[in-house]
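Next up: the structures, one after another.
What follows is chain A paired twice: with chain B in the first complex and chain C in the second.
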Partner chain A sequence: MSNALPSEGMDMVSRQLLRQLKDILGSDGLLSDPADLVGYAGDAAGGLPEVLPDVVVLPTQTEQISRILTLASAHRVPVYPRGAGTNLSGGVVPLEGGIVLCTVRMDRIRRLDPVDMYAVVEPGVVIEDLNRRAGEHGLLYPPDPGSVATATMGGSVAEGSGGLRGLKYGVTRDYVLGLEVVLADGRVVRVGGRTIKNVTGYDLVRLFVGSEGTLGVITEITVRLIPAPEASATFLATFDDLGRAGRAVADIVGAGVLPATLEIMDDYTLACVEEHAALGLPTDAAALLLIEVDGPRETVEIEAATVEEVCARAGARSVQRARDRAERDRLWAARRAALPALARRRPVTILEDITVPRSKVAEMLTFIREIAARYGLEIGTFGHAGDGNLHPTILVDEIDDRVEAAVRALVGRALALGGTLSGEHGIGMAKAPFLVEELGREGVALTSTIKRALDPLNILNPGKFPGRWRG
Partner chain B sequence: MRYAGPGATAQAERCMRCGNCQAVCPVYREERLESGVARGRLAAIRRLQAGELEPDDALYKRVFKCTLCMACEAHCPSGVRTQTAFLGAREALADRTPLFKGLVCRVLQGGPGDTARALKAARLVQRAAFATLGRDHLRPRLPLGLFFRRIIPQVAPRPLTAGPEVYRPAGRPRARVAFFTGCMLNYVYARTGRAVVQVLVGLGFEVVVPRGQHCCGTPLLAAGKTGAARELARYNVTLFSEVRADLVVTACASCGGALRHGFSDLTGAEEARALAEIACDFAMLIADGRLSTGFRGAVTYHHPCHLIRGQGVSEEPVALLEGLGGAQYVASADADSCCGGGGTFSLEYYGLARRIGARKVSAALKAGARALVTECPACVMHLTDCVHLAGAPLEVLHLADLLTLEGESAGCLT
Partner chain C sequence: MSNALPSEGMDMVSRQLLRQLKDILGSDGLLSDPADLVGYAGDAAGGLPEVLPDVVVLPTQTEQISRILTLASAHRVPVYPRGAGTNLSGGVVPLEGGIVLCTVRMDRIRRLDPVDMYAVVEPGVVIEDLNRRAGEHGLLYPPDPGSVATATMGGSVAEGSGGLRGLKYGVTRDYVLGLEVVLADGRVVRVGGRTIKNVTGYDLVRLFVGSEGTLGVITEITVRLIPAPEASATFLATFDDLGRAGRAVADIVGAGVLPATLEIMDDYTLACVEEHAALGLPTDAAALLLIEVDGPRETVEIEAATVEEVCARAGARSVQRARDRAERDRLWAARRAALPALARRRPVTILEDITVPRSKVAEMLTFIREIAARYGLEIGTFGHAGDGNLHPTILVDEIDDRVEAAVRALVGRALALGGTLSGEHGIGMAKAPFLVEELGREGVALTSTIKRALDPLNILNPGKFPGRWRG
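Moving on to the complex of A and B:
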């Protein structure tokens, strides 16, 4: 190792441990040069500290992971599980150094059963690759976080990620039927199964979904697949008033239509997107809704008519329907560009993930505007309005007291409205300080009890929730 | 601003860490390492700039383990100009260049005379150590180890620029076209270079092959030797400005990119901008011609990175193949992904380059193609090797070769 770095890692990994890890993985499956380690110091979350691990391991089999965890337990060295590193909570940052355990090389689809409609995958399978294979059988794995083309199944299950289809199809946890997990001490357990119904014992599958690498390392995932919808219709509705857009969201669902996608974008985001991508969006509008209904062809036409009617009644300035695939892509381009367009405005992007009941979306949107004005902050909001999951995005040069006060206020209001502080990004480092506000002392204590039972030495993703990290 | 330069650092700072580049990076697809994809490489550049990483051999290996295919740049939602960042970092690491690559750079820097002499010597070595394979390629007489089983093209007996300087069509020429051959079509695939001339003359163009033209400098730029690349750019700009042609044509994607952007970026000269205005890709120039081939069977197309992303040429070559008399065009998956050649990339990371190329070969076979056509001699060289190693029933042809085939096959596999 020739590079000299300031000792950011904690030098948790001794020479002896390094040698033992090399025995398990071979030299190809282990990285310890600083030129490699710098790529594993953070994830896709902005404004959080980065820390270099001491070593990165890239196992290809469950058995290797079991041996790695046995070793890590014996040496009391932290292990930070990681997929593609596209998460938005700082969840994979190796805060205390040690080992980053990256599962991207376990990327086989072990089984896809079109009759029983399930797939068994390794954690490194990219979500979109699973869907490509499922599509060959006319099937679909619906959870689709923004990073489907890169995020891994292991990462998205561990984060319990959501996505654009949450309202109609649910989120990751609604599709996981069974898991193979390596526990902190190296034991391998299988939980759940492959049937839709299964109430044998505690629901340990759901315990691990969204556990953010704090309870075990997921090494195999069995997911439910559904028949892919036959047709879809996509709309872009423009509003002159944010509150009206929010009401349209509730009205569409109130009219008995569950759109596959029901996305909102405020005027600030709209202006940024237009400046960034020049898509010809109406920059004088107050909000846009991107709406997609899908299903059997006849049903889609009926629902499409309802959507157009409801939007018009709610006071939409215009409702535009995509006539073909190219137009659909153009309407979607605006939504896809939202975060990148916002992120390039200022050096630091703080992406929030509050979620409120659908009926409170309009109220929450108005409150976000108030907060932006009160603290003199630039905040662009976009998100999955249909399921109440909003991403107010704070853009600053550096994090200061105003930012913290604003985040606190947003989280407080979301909770007061019956919502949650994170809909789909997870707690990780970014939301850890607010955990107690939602769970309460007793809830945090119960969480800690579970953590201690499964990871008594606290070697799995230490420093995150439910640990001590306080920013 | 110590190492990678302000341009590179500014780009590295713009990265929002989303990791979307993973989806399109040919190197990441094989290795799944952060150090081998734009996000991780940009992180390394920021650390280099902050003085937290040394510009050592370990960093060299990671910064250069990239084909410069520009897929990440085309795909980046934040618009990070990754090429700028990577080339800046390469410049910072240029003094770590391994011996053989340094030698190649030295030869190219030396001017056309040196290059011609060096390649003459190389041809003698080739004749001693290699046996011919097909028309233009060679295989080692003593195949030891993977790298030494590699198929390489034969240095041409006479460079294209040693032939006539002006080729006139029958009748009044449509336009006077200067042919920027580039090293590969001049010294190595000179037969393909002549095919380019033949097609153009056949379509009524007067073709000038200016003597004294030299390397476009792309290999030097990619090696981090920006200063040397700038000198070559100035040299070529002056030489071609004096030709007084209506158009300058290239049939090598990298040379084309240099003419269209590289020369003016490097020199900032007015003449370079004027040259960029009249620079034209071979397929673009002949797109409306009546063309045919003696090849019989299905052909597919590989988009060279420096043509589709470097110059934005994507539809014309495909339209040309679709309308071609003789062969029929079939589309293959991921036709726009890198073949893994990447100039000296395939010398430094041969195993990786082969794995990347093998995907192109299987995609072409899956599409049912009998010939894989492309428009860059560097891609031809690498893909020919990959096809041979796979033992695949596939010909790799430069577009100009396809258009001048008269029933016979050019391939190395016959």
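Moving on to the complex of A and C:
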């Protein structure tokens, strides 16, 4: 992170503003020593510039955030909201310097109601911590991004994150019932509520979910919880042919089974994971599927039989069921190791997030292979195949024309197949150059209209979508 | 409907504009004879003024709608979009006259993809027709408002409607993947797509879902379908005490069963239904619960046993399982007859749509009784108890102070219990006076900001929320 650039507007934060911020936060709620700023220059996305902010604020209350934004508006200083920074699109990079507003110190679970099955949390609560508490009541918060052990609820809601359970349980936007948000000018607004049915006015909740810190700072989140499934069964299916694995994905769902998780990993990723973690995976396979069905015990057994049968019929070399908790944990550890294992191979990791209709997964996988060959690139692919959400990951020493051409080709094909350029990682800086290809000029114009209406001074996360970042 | 008022701006539509509209639509796509306009003066909500539009347009293509809105913008003439007009909040009443834009002639199912499980429909497709087609492929479109047999997809999406299956399957907003929308100035924008995971830019899909025709005209809808459940079991549970029925609702869900449907009907409603339809319901009971569990056959049997046991433990007088299709249909006919049966009792029907957290259902039911007694009003209550979504229905000869005081008390209590004033019927005219009580001044201001940004001339459904209608 020593390569973080000083921001263009290095002196955006005047001595006067710094003093005012200290008055709000106290000296332990503010970082301005350059050595302390380095950790706030970027996020987990690779291949993107990092930029040092002028100051980092660590508020503990909504009222402080309101005052910070009022000040920032008065001084016209950019504010970059962030959580733990595990996001994968450069969304939190403080491109124009100014203030990074990090909500990790707001980490209380304010309420967990096991009868009405909802939780009220502060934005800095770690996703896994919420699930630990929910689990004590036999409940589950389903959204499950790869980074659950460190990612915060605030960041996850702002990014609209997806994860491993999307196929059966949906994504973050499906679980947020209500929000408290501080708007760009410091006003505090509460939207939504605690009930699932609520059509009072516009869907302001989902306006903020996935808005990537460009419309407001999320300061409280009410989420729906569901009864945790009684049982589960986990499978590792091995294939000698990538396309065949892709077709098995569509066949499983076509057979009426909606697995909680249906993940794919290609041979390249598999080799990296095995080298990294030595879990005893079959490195001579062309692809793996990791499948988990869950629900009432009896249903799980019926669906488990269907999964085994469909995989065999689709030409799987083997289908192996995890016999116990330890084996299941080993399989999931392998899946969660995919990105870190790939990222160790080369200095630069370009992680894509394309999503296609499920029936096009096999075609997309084949196309990724063609692109790797055409441009002489190493590309490992893993992802949420059941959702059609694939993460082809390009590994290079540095970004060059080949990388850019490959990314453009992958995005173009995903859109041509009726898909999207981002299933769950968001736009940030990484995908901003492609926004218009998916939304069209009218869609980008509408996006800009909303941004201007809510943040007319453009102080919230400026320089990202729908702004001027052009890669 | 002979009591429909002429609109304030009766001559909003000039001869020139009328000629231009005829050029776009042809003579069979436009109604301007006063006798033909009467059917477009109101909707299914009771106790609200109806207003005659100047002209009704019946487009068949998106491009026509784009030209109509371009013209309306140029002439500053209001446009009131509508489908079949089954909505229950006065949302489609053309308060300021002008143009009613009715999309019922756009009624084609453009695509139904059984592999990727989505459908692309025009706004005039009737919900039940989509489900008939989906059923041929073993699929289901779950949102199920009471008016499925006539309500259109466009109206249902614009209202964000809920219905009988909300508890287990969610509501309309959970099933819309993509939209084509014509904006106020005639621009056509496509938002969302076909995949469940999609975080490219703001959630523009849900910005329009439930926007009640105030932000754009929906011209194409892509919805997610799910595999139809294999089996179901339907129960009628009878209670001698309303509060006990309310508690049984929370107990069923607390026992880990999420019924597809969990409906309540009080004794007053019960008597009306029985008088109306003579279905052999137990008119001496204080309340009925109608419960349906669905899913894989084995799971259904397990859940059915739990439902019977929990109801018995909660003090049900009897729990009766529908033995066959005919008995099940009879029970559902009773439920769907609730509103029409109540509405026949008195000239004016005031239907509320309050929603409270599930654990507060018993308390809310008791409070409704108190209010009926306090103001000497006849109130029948039915609704989606599992969602906490209750429809207390006030039946009077004419609206007076007692009615207004009662409505205010019901809304106030619902909000105090952590609920919402509208679970599924929307704001329209009926709930507009209460908007600020739920959203607060900041929330209403944010709503207005969005409205102004998307419809700066205020030509789309003007006079409704967040506008000036004040009851």
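Here are a few things to note about the model shown:
Methods note: the second predicted complex is superposed on the first by the 462 of 471 C-alpha atoms of A that agree within 3 Å, B and C clash if a C-alpha of one lies under 4 Å from a C-alpha of the other, contacts with A are read in each partner's own complex, and residues count from 1 in each chain.
Just so we're on the same page, a contact is a pair of C-beta atoms (placed from the backbone, for glycine too) under 8 Å apart; a residue touches a chain by one contact, two chains touch by 3 or more.
Please read all numbers here as calculations on a predicted model, not as lab measurements.
By the touch criterion defined above, A:Y40 reaches chain B but does not reach chain C.
Set against each other, chain B and chain C differ in how many residues of chain A they touch, and the higher count belongs to C. Once chain A of one complex is fitted onto chain A of the other, the partner contacts of A:G423 are limited to chain C, with no touch recorded for chain B. Once the two complexes are overlaid on the shared chain, A:G124 sits against chain B while remaining clear of chain C.
In the overlay built on the shared chain, the residue A:A337 is in contact with chain B alone; chain C does not reach it. Within the superposed three-chain model, A:L31 lies in touch with chain B and out of touch with chain C [touch as defined at top].
When the two structures are aligned on the shared chain, A:A74 is found in touch with neither chain B nor chain C.
Against chain A, in their complex, chain B makes its touches with residues 13-14, 16-20, 22-23, 32-35, 39-41, 43-44, 47, 52-54, 56-59, 61-62, 77-79. By the touch criterion given at the top, residues 113, 115-118, 138, 159-162, 166, 170-171, 173-174, 183, 187-191, 193-204, 206-207, 209-211, 215, 226-227, 230, 250, 253-254, 256, 258, 295-296, 298-299, 302, 355-359, 384, 387-389, 418-427, 431, 435, 438-440, 442-447, 449-450, 452-454, 465-466 of chain C touch chain A in their complex. Across the interface of their complex, chain B is touched by residues 1-6, 31, 33-36, 38-46, 58, 84-86, 102, 104-105, 107, 124, 126, 128, 147, 149-150, 276, 336-337, 339-340, 343-344, 347, 349 of chain A.
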